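After this come two complexes, each holding chain A, first together with chain B and then together with chain C.
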Partner chain A sequence: MRRRSFLPVTFLVPTLAILLVLSMVPTLYAIVIALQNRELSTPGYSWVWFSNFADLFLDRRFLNAVWVSVKWEIVTVVATMVVAIGLGVLMFEVAGPRLRNFYCLLFIIPVLLPRVSAAFVWKFAYHPLYGIATYPYRLVTGGLIFDPLSKASTALFAVASVDVWQWGLFFAVIVLKLLETLPPQPIEAARLDHARRWQIHAYVTLPMLKAPLISLMFVKMIESLRSFDLIYVMTRGGPGVATETLDMYAFSQGFIESGKVSYASAMAVLMMIATVITFTMLWKRVQA
Partner chain B sequence: MRPHRLAAGLGAAFVLTASVSTAALAQAPVCSAPVKVLAQPRDGLTLLEDSKDEFKKLSGASFQIDYLNENDRRAKSRADASTVGNYNVYYVDEANVALFASSGWIAPLTDYYPAEYDFADFDPGRQKVATYDGKVWFAPLTGGGDLMVYRKDVLQAAGIQPPKTLDELIADVPKLTNADKGMYGIALRGARGSGANVWRWMPFFKAYGGKWFDGDKPAFNSDAAVKATETYLKLFKDSAPGTQTGSWDESTGAFLSGQVAILVESTPLSGMAVDPKTSQVVGEVGFLPPPSPLPGGGYGHGLAIGTKANADDAAKKCAGLFIAWATSKENEKRRLDAHQFGELNRTSILSSKEFADIYGADLGQALAETGKVTAVNFWQDPRWPDLGDRWGIILEELVTGTRTDIKGGLNELEAYANELAKKK
Partner chain C sequence: MSAITCSHVDKAYGATTVIRDLNLSIEEHEFVVFLGPSGCGKSTLLRMLAGLEDISGGEVSIGGKVVNDLDPGERGIAMVFQNYALYPHMTIFDNIAFGLRRQKVPAAEIGKRVEAVSKTLGLEPYLGRKPTELSGGQQQRVAIARAMIKTPKVFLFDEPLSNLDAKLRNHMRVEIARLHQSLKTTTVYVTHDQLEAMTLADRIVLLKDGVIEQIGSPAEIYRRPGNMFVAGFIGTPNMNFIEVTAGRAGNGWALTGAGTVLSIEGRGFHLQHGDRAVLGIRPPDLKTANADAGGNLLLGAADLIEFHGNDALVTFGSGGKEISALVPARECPDLRAPVRYTFEQESIHLFDATTGMSLRKQ
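After this line comes the complex of A and B, so read on.
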């Protein structure tokens, strides 16, 4: 008869207990606060139960923030994956081993920059008079002014481009390395069948990389949810509320404008529930 | 030894011990730990850091200043003061002093401000801004009102006299704009915030007779507010690029780099405009009070004693000593010597011969005249940042064109103000 070992339990239980405390205590505290009416400027509070949640659905800034967050997720995730796959395939097809190494090094640099630094660099690059990113427009139009961060129609895309600049290039390196790990035989077979280059990638290599590409997409989706610092530095949610995402609005209500920490917590709780449901559904769909 | 001799000996020993103890106490350092300060970047504070040893010698401890830009400093100090209280000294301003004082996050300053540092020497206007509910809460680091700063050469070339009235300003600004040559009639603040776009909008609101509240009833949803906003948006058509979502830095930066003809801004700009280190338009700048009936926006920023980090009187005394030393005549003289115009607050310095020698008589006269029209334009209440920031967002939407209905925006603000009024 085999003797049962307590070693796994000895190692697992304390670690899991710490993890549970670290993750559950703040979560439960946020839920409790969301059911109260706490404000930073007053020590007293009372239980208002679901009143904060009800108020949220009548708050035009909250509804706007939900829509901006959805747009932000879609734009940044889709653009990042398109840039990553496009550049990865291009490097795989066109560049030799040495050039690939050079590009890889180059493309990793943006993601190594702290978000806040990247945001400041690009904020200045988008300056309507001095910015390098707006210079071509001034050159072509004979000096007309274009201020992408102060227009509601362009501000979100201008900030999203910085996110894609950081993560799209980094993911391109990962896609290239994934392509390099594929067995050469299926690609050779497709070439013998006179498949064009784009057909080889569309029907052979990328389907073979479906699982890691989906994982990359999930990583980006989670990362995009945490873009507070980038948006805060570049636009502070403006112009008006055009780039105000849910996390930014929650922070604004909790600490900048009103000190309504309970109201902000209610938003955080709703965000948590929405994220868990969305990711679970997507994950199940992908698994199927 | 005889008993009386023993008693005398013991008495003498007691007196000696007591004297030594008193002497030791007299020399005991006021501070037992470094003073932690949360502030926003100021040239005066950066200069202060060069004299850390002087404060250490005076108090027995050093100090550490953490800097955050204005909006972040406001958010962080509010969060810190209401929760953990990590900082001994907070940088507060006219917009949040009522909130900090009424919430008990800061202590009355003059209770812990050593008399020899002469608080009464501060400019009376700044003392007024530092006072809430009859008590003084901070010692000023900067403050003042508004000045109209203009380009003499640009106005002369256009054949325009410096505007003396608001109507003249509205008429002149479009004439001074020449976008092809990179010249704009004015620069305003578009970025959200009670201390940003709302700050520059308020003089128009007051000039048209607007008021915030009548008792606890909101009174700002008025013709005055609509007219003030229309005027602000009209002027914004000739405001320098980058100011639509910019604030003080963007508008003054545009003026100092030579792109703006007229600017009505807070008084520190005037010192920057005549300093070759910060200005490309030195020698071309004139100063006047804001065009009538625009009142100047009276303001003041300064240092206050935190209550949570300074739990006992000894800690509060230490923080009080730091604030007194940081805002002392000696340190203000150092700022004058370093040509830090915006960091000067004491009457003895502002009226000194050295000040007149550095900045000239014109500026001195303009400052004296603008003092007469400087007013407190904001609602002096703890709920002001909340209301002001809410209007700041609506105003930013109007400036950037993401909304166009001024009346609708004011209705929305009024609904919010009614909620705030119920909270009192």
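After this line comes the complex of A and C, so read on.
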């Protein structure tokens, strides 16, 4: 009996210990730093407790970053799910088995690309003079310049499109595979019940896939939080602060512009708390 | 006017032909059962009527209208599937109402019709539940309700009772029979269970390898099977087949085989002297013979006795051939005891040994 209870512990303890060190130590340290007034330029510091947090709520740039983050989250998650479901259903309806395999392979490639590479590829594609993505605009307008990445109104969507290109196409493959796992009889029954093609999906197949689709959406929501590399390469938060998300702003406050690591840590801590609360609430709602 | 007509219908998947040049017409209000072993094409044929499978060749018409290129929804049919095929995320009410909603029937009318249908099938207490909260029999009843509510010209049933346990199957079979009696809707029913076929059908269409072997009422098919396949497929326990050689004997015929000579008048059959034929006789048609009885006798020793309750199935060897007789349980012999069975001449079937076709005169 003793031997039995000993074995799981043997395996669990080292892993958990490493996990604890790797995740808890930085987290706790960030919280500690957030309560101080450390700056990279000076070695000394003192405890300021919650004044960093109070300052944040008076910082218009921080509030902008919150808004940009929320926009980024909504735009990428919604667009990814729309593209995934749209393309997945389209493949399911139109393509034969061999063509489906081909598209699946094709649609998985973008997500295999490292984010930084994808960002560089698209940054060039959006180049106002040479980019392939802006080429149709030049062609139609006879050479007018359109620079989506340096216009405040379009920059966020241009960056988001890369995210959707990577994840929307990949999720389309997953949606197709999910549709293929469904039993064919309810679909046939719906055809006999006068349902049109789109009605079959709207009323029968997609509701049947509700649980896996919600899981997919959660995966994408968590993935969307980690937008830093994409934005850093493509716009660095610009033009102005149009694409400056929270992680971007925290990074530039901490390491680029002023070296206020305590201020940046306070932001990170706030972000963590907000994320945990939001996701817990969403998860509870979905479960109910 | 017939409700369904199939003329020269073919179905092929690539190079494999599943149904070959099939001709069939089904009358209005008729209950027709497609019966056959697995893979005979009966379900495929039904799905072609429903529009769920393309028709490779020939023409199918329902209610006088050619439906080859019509969508399933436009054919005026309703189908009940083997595994119910309910929409799992919808309540029973929504399941039943789905088809009407797609046809934009006003909500008030939908409510009324769902109520009427669920009353007929005793589903009223379950309308608010999900399919998974219902038993198999109840789910199949919901599937039938979903088909009924569309008031179709034709009902199609694809092995609807196969997923139910034996007791429930009997119960649902009776319900389906009652339903047909009251609605009189033309019905096509696919099954591999001959009991279902015999009890439900006005006419049975017996299929094998995509070809119709025989069409007829249950009694016709049982009493006058057109060939050896039909004779062997219909009837439990299975018909005994004994290979014999026919020879002239006075006014009648002598059939030599299985270590014995049987003499029959043979007026009802096409026989030629020296023909090789197969004698078919159903186990219940064999009767225990008295020790001093003459006439046609099959003798042997009981090898195997299967007790059925009222009856017992006695299998004995006669001239190296296994023969079964279904006798009342009280006449059941001991194992390995000698047995003597006789039969009435009217109860025998004769088939051509090479073609397997019945030798009976029409």
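To be clear about the criterion, the second predicted complex is superposed on the first by the 268 of 288 C-alpha atoms of A that agree within 3 Å, B and C clash if a C-alpha of one lies under 4 Å from a C-alpha of the other, contacts with A are read in each partner's own complex, and residues count from 1 in each chain.
The rule is short, and it goes like this: a contact is a pair of C-beta atoms (placed from the backbone, for glycine too) under 8 Å apart; a residue touches a chain by one contact, two chains touch by 3 or more.
Keep in mind that this is a model prediction, so the values were computed, not measured.
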item	value
Clash or fit, chain B versus chain C on superposed chain A	fit
Degrees between the directions from chain A toward chain B and toward chain C, using C-alpha centres, nearest 10	150
Touched partner set for A:Ile74, first chain B, second chain C, both or neither	neither
Which of chain B and chain C A:Pro183 touches, first, second, both or neither	second
Contacts of A:His127 with chain B and chain C, given as first, second, both or neither	first
Which superposed partner A:Leu90 touches (first chain B, second chain C, both, neither)	neither
Which superposed partner A:Leu105 touches (first chain B, second chain C, both, neither)	neither
Contacts of A:His194 with chain B and chain C, given as first, second, both or neither	second
Chain B versus chain C as contact partner of A:Ile277, first or second or both or neither	neither
Partner chain(s) touched by A:Ser41 [first = chain B, second = chain C, both, neither]	first
Partner chain in contact with A:Ala242 - chain B first, chain C second, else both or neither	first
Per-residue touch tally on chain A - higher for chain B or for chain C	B
Minimum C-alpha spacing, chains overlaid - chain B and chain C, in Å	49
Interfacial residue positions of chain A with respect to chain C in the complex	183, 185-186, 188-196, 199, 203-204, 207-208, 210
Residue ranges of chain B in contact with chain A within the complex	71, 74-76, 78-79, 82-83, 99, 102-103, 179-180, 182, 190-192, 241-242, 244-245, 259, 382, 385-386, 389-390, 393-394, 396-397, 399-403
Chain A partner contacts - residues on chain C that touch it in the complex	50-52, 71-73, 77-79, 81, 83-90, 98-99, 102-103, 146, 150
Chain A residues within the chain B interface of the complex	40-42, 61, 127-129, 143, 145, 147, 149-152, 235-236, 238-242, 251, 255-259
